[in-house]
Amino acid sequence: MAIIKTDNLTFEYIRRDEEGNVEGITTAVDNVSFEIKRGEFVAILGHNGSGKSTLAKHLNAILFPTEGTVFVDGKDTSEDANLWDVRETVGMVFQNPDNQIIGQVVEEDVGFGPENLGVPTAEIWERMEESLKAVGMYEFRKKSPNRLSGGQKQRVSIAGVLAMHPQCIVLDEPTAMLDPIGRKEVIRAVRALNDVEKITAILITHYMDEIVHADKVIVMDKGKIAMAGTPREIFSQVDKLKSLSLDVPQVTMCAHKLREAGLNIPEGILTNDEFVKALQQCQ
Amino acid sequence: MSIIVNHLTYRYNPGTAMESTALDDINLKIEDGEFIGLIGHTGSGKSTLVQQLNGILKPTSGGVYVDGADIGDDGYDLKKLRGEVGLVFQYPEHQLFETDVFKDVCFGPKNLGLTQKETELRAYEALKQVGIADEYFYQSPFDLSGGQKRRVAIAGVLAMKPKVLILDEPTAGLDPKGRDELLDKLTSIRQDTGCTIILVSHSMEDVARYADRIVVMHKGRIAFDDTPMEVFKHRDELKEMGLGVPGITETMYKLKDAGFPVSTDIITVDTAVTEIMKVLGR
Amino acid sequence: MLRDITLGQYYPAESVIHRLDPRVKLLGTLIFLTSLFITKSFYGYIPALLFLIFIIKASKVPFSFMVRGMKAIAFLLVFSVVLNLFLTQGDVVFTWWKLKITKQGIQTAGFMAIRLTFLIIGSSVMTLTTTPNNLTDGLEKGLGFLKIIHVPVHEISMMMSIALRFIPILMEETDKIMKAQMARGADFDSGNMFKRVKALVPLLVPLFVSAFRRANDLAMAMEARCYRGGEGRTKMKPLKYHRRDAIGYLILALYLGVIIALRILLK
């Protein structure tokens, strides 16, 4: 069974002018259906305003569909009785590293989720330890979050979700406000969770180099799914990506241009190693 | 307008247990009309350095000379300087405060003591430069999209008609299209006005593409100061500093390691394509 | 600026007072403050002084650090002492121009000086030796009985601890916005009162906008982590009484006894 399934998910909100009169209706997510299997690493791409963040917020019942349904672990998120189960099953990490840390000490922040779930004290400490170790932040457990770098703060946030033992973790542009080092740290931590702990990971981003290792990529545009497939399938369509205001890694772009110039090189080159191999075959 | 930074050192909390050196003996000369990329990882001192250039921070020792005058002198007109050396901070949209877009952009020129007419003229021009359409002028800045807010905030500095425009990571959080549009705008603004641009960035690809000089900061010192081509020859040192080279340059190094006789002095995709075709004999 | 105020800042050290349960410290502070106000004679302050010295010594917080904190409110202290000195009616001991100093005035001013100094130092010992988190925990548990009359004790203490977490972030933000507006030619430190207040608008509006945005983000993040009020919540660091806390309560009881006895005897 799929861990997450959306059925014709549509989300609309009403725009009002200063007097409160209805100006119009914006459809942020438009009739989207997809399935995510347990243990998958799925990337959701799209330019700003494409509806990808709105979609993400439906996956742990922060927003509810105007039409259609979202099922998490078979449960309809719109039903009140399922609310807390859904949020326990799917954890969420947000964009701004400062605005999601509640504790004044790293370890206390990680304990916040389990406390809410009513986990016994001794087990909270165990969960704190294993979660912080999983993201490589255990040695910082006594520090104030204000003294950490952006990448470290995001790793603490991931640990905070991890300590709730979710089956799936949704990361809503977790790297948008980080520097390259921080971005690498966070992506490495997410990949480790997916590889080692087998937690389903859904990464929302517009950095193309972060999705190379995903199992599946969904590209959003104007609230709809514009493309879906493996990273290779997606990166094979450079021109289409450009038309969706997205970018490809420089190596992919280079391979694409070489192909256009008449070289017999496959589309959808993702890494330098693949590129080198492809060129060796051209010689 | 020339800016000379002479043996500038800056310490946070001098004389206390928390003392730390943010800038250590910086020497720099910035000429008219340059496009400088300022890179370095978080905490390398690059943001601190740009705040010295318009007198928001005061050096602990050494000084900044603008057109030959020491900006640290008593009685130096700092307000005028801030009009001439425009500084756009990170996430500049967080400084918007007026009831409509146009008024917000007027804030800078008004502070310079310009007449109402001149102020409005400049605000109009600046908004056009960053590509904000008339229909948005009288909307609340808080109702705009993220990318639009960013451009309005940049217009707020542009309206002061700076001769040197410094931008601290202006593309942070923008998507690829928004990023390219903004950087292209900067290039055209430089062409139209002849102003100097200093771009603080984390993206090696961006500085390789847009800047004609790169200054690399590391641990409060200037590690490299040269053309992009020369700077990116120091691949190993840059990696040690937590930086690196543009993705395509890295690709060329990998090709060379694999035995392809390619040059590694390549920093853009187009030159890489030409080089590879040449090496493969096509 | 705001960072210079050491009053109420946590001072990390390893001491019995630091380790004491926050509820003991809260009650202790309450008893100490009450004792300052029920004492009617100078002799009555001797046990208070001894008690304070004992606590300060035990807390291992340098006395100079506390005095530095006093500087911030020295003006308030001097002001109230002077006011009492000159404005109390009674037997005149000294006249100069229109100002009269009375015997009662000297007495009241003296009382005032001692009371205020003890009050400030006494309550700062608590904040100096207790982390804000520990303090809010203490408040939540110590005032838990108020839940019966529908006082939202958990919510209040949660708000306090969130506020404490965001103070440094908002201070940094203030600094950043201020610099950004200065780069646009804003002037925060010249002109008359009216001009200065007006100059704050470009600082305060973005600051409020940002605070609301942060609050909104944080609320969402808390809900996403299954926060649903204090009901059914467990504690990672539950407050538990130890032997030292019992001894603490005992000392407090003794102190209270002495003060009451003195009050009756010295009348």
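The chains carry the letters A, B and C, assigned in the order they are written, with residues numbered from 1 in each.
Rule of thumb we're sticking to: a contact is a pair of C-beta atoms (placed from the backbone, for glycine too) under 8 Å apart; a residue touches a chain by one contact, two chains touch by 3 or more.
Source: prediction; values computed, not measured.
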{"item": "Arrangement of touching chains [line / ring / star / complete / other]", "value": "complete"}
{"item": "A-C against B-C, pair bridged by the larger set of C-beta contacts", "value": "A-C"}
{"item": "Centroid distance [mean C-alpha coordinates] between subunit B and subunit A, Å", "value": "30"}
{"item": "Euclidean distance of C-alpha centroids - subunit B vs subunit C, Å", "value": "45"}
{"item": "Subunit A to subunit B touching residues, read off their complex", "value": "47-49, 149-150, 176-177, 179-182, 206, 208-209, 245-247, 249-251, 253-254, 257-258, 261-263, 272-273, 275-276, 279-280, 282-283"}
{"item": "Complex interface listing, subunit B residues touching subunit C", "value": "51, 54, 56, 79, 82-83, 86-89, 92, 94-97, 107-108, 110-112, 142, 156-157, 160"}
{"item": "Complex interface listing, subunit B residues touching subunit A", "value": "41-42, 145-147, 172-178, 202-203, 205, 242-244, 246-248, 250-251, 254-255, 258, 260, 269-270, 272-273, 276-277, 280, 282"}
{"item": "Subunit C residues touching subunit B - in the complex, by the definition given at the top", "value": "173, 176-177, 179-187, 201-202, 205-206, 209-210"}
{"item": "Subunit A - residues contacting subunit C, complex", "value": "60, 62, 84, 87-88, 91-92, 94, 96, 98-105, 107-108, 111-121, 124-125, 128, 145-146, 160-161, 164"}
